[in-house]
Amino acid sequence: MANENTAAANAAALQEANATAAKRLLDLKDVSIVFGGLRAVSNLNMHIDEGELVGLIGPNGAGKTTAFNMITGVYEPTEGQVHFDGQLVNGHKSYQVTQMGMARTFQNIRLFSELSVLDNVKIAFNMHVKYNLAEAVVRDKLYFSEEDYVAEKSMELLEIFHLEKHANDIAKNLPYGEQRRLEIARALATQPKLLLLDEPAAGMNPQETKELTNMIKWIRDQFKLSVLLIEHDMSLVMGVCERIYVLEYGFCIAEGKPEEIKHNKRVIEAYLGGEAS
Amino acid sequence: MDMGSLLHQFIQQMINGISLGSIYALIALGYTMIYGIIKLINFAHGDIYMVGAYLGFIATTYLGFGFLPAIIFAMLGAGLAGIIIERVAYRPMRNAPRIAILITAIGVSFFLEYTMMLIASPQPRTFPAIFEATVYHLGPLVVNSQQILILVSALVLMVALSYIVNKTKAGMAMRAVSFDADAAQLMGINVDKTISLTFALGSALAAAGGVLVGIYYNSIDPLMGMMPGMKAFIAAVLGGIGIIPGAMAGGLILGVVEALVSGFISSTFRDAASFAILILILLYKPTGLLGKNVREKV
Amino acid sequence: MNKQRKNDLLALGACVLIYAIFEVLIQLEIIGPFWELNMVLICINIILASSLNMINGYTGQFSIGHAGFLAVGAYVGAIFTVKLGLPFPVAIIAGTIAAGFLGFLIGLPTLRLNGDYLAIATLGLGEIIRICILNIDYVGGASGFMGIPRLTSFTNIFWIMIVILFFIKNFKNSAHGRACLAIRENEIAADTMGIDTTKYKVMAFTLGAAFAGTAGVMFSHYFYIAHPASFTFMRSFDILTMVVLGGLGSMTGSITGAIVLTFISAYLAEFPEWRMIVYSLTMIVLMLRRPQGLFGSAELSAQMFKGLTKRIGGVKIGK
């Protein structure tokens, strides 16, 4: 019964959403999290529609990464609900959230650093592999066909990101920029509906950042997914996002198109203060 | 068994447990200090305790020392051994993967045990009775003078350690390094020296424990450090590893539990009880009784 | 034919060859009873080392209680043949399942712990298993389980070892094995790749424990006796040394480590103190000088067979 109710509620929410825009993919309702008395994020309301490219910005310690972690199931919100693709995210572990169709990258790159570049991507295909342990050990037909498929698909992804010539290199030996690209390639290999990028431009020079801007747009169109971007680099956020949320001290202080955010007084005070004056 | 004798046996086992527990606490202190400062489970720590017992044996048997000079001799010798071990085996590995350091520590442990076997033969040695074991009867309860000696010595050493850690400059440096070695280095603290000092102090306490056990059980052997070493580690984890009062509390609790298990169930299950405590604490509160929860930042 | 299949068949051929050579040498009595015993021991140690390598090397979970599972296999196997009078193959399967099941039960809660804590917990559990056996009179208690028939031979232990090695190799080269490697490399990243990390940790631990159980059955049915003193922490350390010497994460390494250390202990059998000193010094020096072990995490066989197949291919083209 409870499930039916939430399903009904979801359906209602979806219909409401459909009236105004495309299908709602991610929905945060009054989400808060408390760490030992500290409210890291308070009453966050946020949504992402299918195909949207959304930014989440804010000064250091505003709770951006914490919000990210609640969306991806690393932390469970103290209050409020996170819905993804019609399913409740609360209470699910992060691997289950990934299986629902969310993929992410990390602020501090987390590759499988001692493994080959190809293996890094292959691992991301794991949850789509159909053979079981016994079939893997006796190596039946299914094993071979699945392994061929995974290898082929992984190479395709590497080619897209111009990493194919490094396929057999150890991941940690890649230059920084390529490690970032590999991390994105790996996230895409899980075949997500929503891609979350945590400060992808960190440590990149302006040229690389520019390339990244183009790449993010291109990924969205090519893979037909939505993107949520946490970023410090204003040029990247303003250049690529269609809608932006601004966090400060755990509160969402503004939401809107890049132009609106640029001219929003509170945002300028809170975040762009230095640059504006 | 009626209630009276049950209660009497309970108190008797408490007394035995506390004296055993204070030895665990002495060894556990070293474990906890070393873990606190370089995040290493020093598997060889139990063997330092064994080395300390042998040094005490040499001091009393061959050099004719009394209790106090013997225990100081053992503490100095073991402290030196601790510094050398850290210098030779652990310092070069400070940035190595954790598993590598852990394996090194296991290696050092076996090296000490079997080198001692080679030097002193695997046979147990009889520790000379430098203290007359006077038995006091408090009503139905039995306390012997050695138990009192252990308890008093352990208390004195713990107070001394607390003083060093909390009131002296060197102690402050130790706390700083264990909090954040890099920051301490920037503040002009000599990290290497501080780590050496920690090993020296921890090892000296273990050696004191070794001498006290030698006096209590009259017998020492090259593998005597294995079990107490593990028990002391359990005590350190129980109290919250890296926390000095935790090690003291953990040692006492473990000693009492073991005494109660041997008194009321069977002494063969004594060791199993300790390990069961370890598993339970690891599962339900891995940071220990006095520890705080931390989680990895994503 | 598929390239991987071809490599497998080639490897199998090599195994048949190795087996044939040693069997002939045994039959001709060029290899005497002492070295035959050590050959059996090498096979048992290879099983132990490569199964521990699944847990410590592939999955990166630091277990140092492997002797406990060896003990479970040894005793359960003996109960099946001696007490229940069942055939040896049944005992082997029973010992394997029992150790695996215990590994599963133990792994489920303890594998939540990381690094050092897990090491200590497995050490403790290994000791608990031993202490429990010590207190069960049904299996002989402190004096050991005696009167076990010698049913293990070089032939059956060799082929069981080969089956297990193939199992582990194929496991590693599958999505399941890659999941384990991912956990070793970065558990949080593995999680975000949709990998149920607990499931795979428990899987590796269970399989590793099960194979240690197999080794246990073979062990007790070769030496006529299962004694609690054979399964102490020292035994676990032995196995760990083999894995680390060869290189954590390398099956070739585990095999080499097992062979080298079994030979060293055979030669130093008369000087038990020296044996442990050599062991521990090897360990310390290795960690200081070459912490990745002899092979690192690389596999010799993969490269070797690649080279070999290329050469064979070259000859064909030449014709």
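Note that the chains take the letters A, B and C in the order they are written out, and that residue 1 is the start of every chain.
By definition in this document, a residue touches a chain if its C-beta (ideal position, glycine included) is under 8 Å from a C-beta of that chain, and two chains touch if they have at least 3 such contacts.
Please read these numbers as outputs of a predicted model, since none were measured by experiment.
Q: Report the most central chain, judged by the distance from each chain's C-alpha mean to the global C-alpha mean.
A: If we average C-alpha coordinates per chain, C lands closest to the whole-structure average.
Q: Specify the chain most distant from chain C by Cα centroid.
A: When every chain centre is compared against chain C, the largest gap points to A.
Q: Just curious, how far off is chain C from chain B if you go by their C-alpha centres, in Å?
A: 34
Q: Report the inter-chain centroid distance for chain A and chain C in whole angstrom, where each centroid is the mean of the CA atoms.
A: Chain centres of chain A and chain C, defined by C-alpha means, are spaced 41 Å apart.
Q: Provide the C-alpha centroid distance between chain A and chain B, rounded to the nearest whole angstrom.
A: The mean C-alpha positions of chain A and chain B differ by 49 Å.
Q: Considering chain A alone, which of its residues make contact with at least two other chains?
A: Residues 106 of chain A each touch two or more of the other chains.
Q: Can you list the residues of chain B that touch 2 or more other chains?
A: 298, in rising order.
Q: What are the residues of chain C that contact at least two other chains?
A: Only 188 qualify.
Q: Mind pulling up the chain C residues that touch chain A in the complex?
A: These residues of chain C touch chain A: 2, 4-5, 8, 166-167, 170-171, 174-179, 181-182, 185-186, 188-197, 203, 297.
Q: So in the complex, which bits of chain A are touching chain C?
A: For this pair, the touching residues of chain A are 72, 93-95, 98-99, 103-104, 106, 110-115, 119, 122-127, 129, 131, 133, 136-139, 143-144, 146-147, 150, 186-187, 190.
Q: Within their complex, state which residues of chain C touch chain B.
A: On the chain C side, the touching residues are 56, 62, 64, 109-110, 112-113, 115-117, 119-121, 123-125, 127-128, 131-132, 134-135, 188, 233-234, 237, 240, 244, 248, 273-274, 276-277, 279-284, 287-288, 291.
Q: Help me check something: in the complex, which residues belonging to chain B touch chain C?
A: Contacts found on chain B: 41, 89, 92-93, 96-104, 106-111, 113-115, 117-118, 122, 226, 230, 233-234, 237, 266, 268-269, 271-272, 275-276, 278-279, 282-283, 286, 296, 298.
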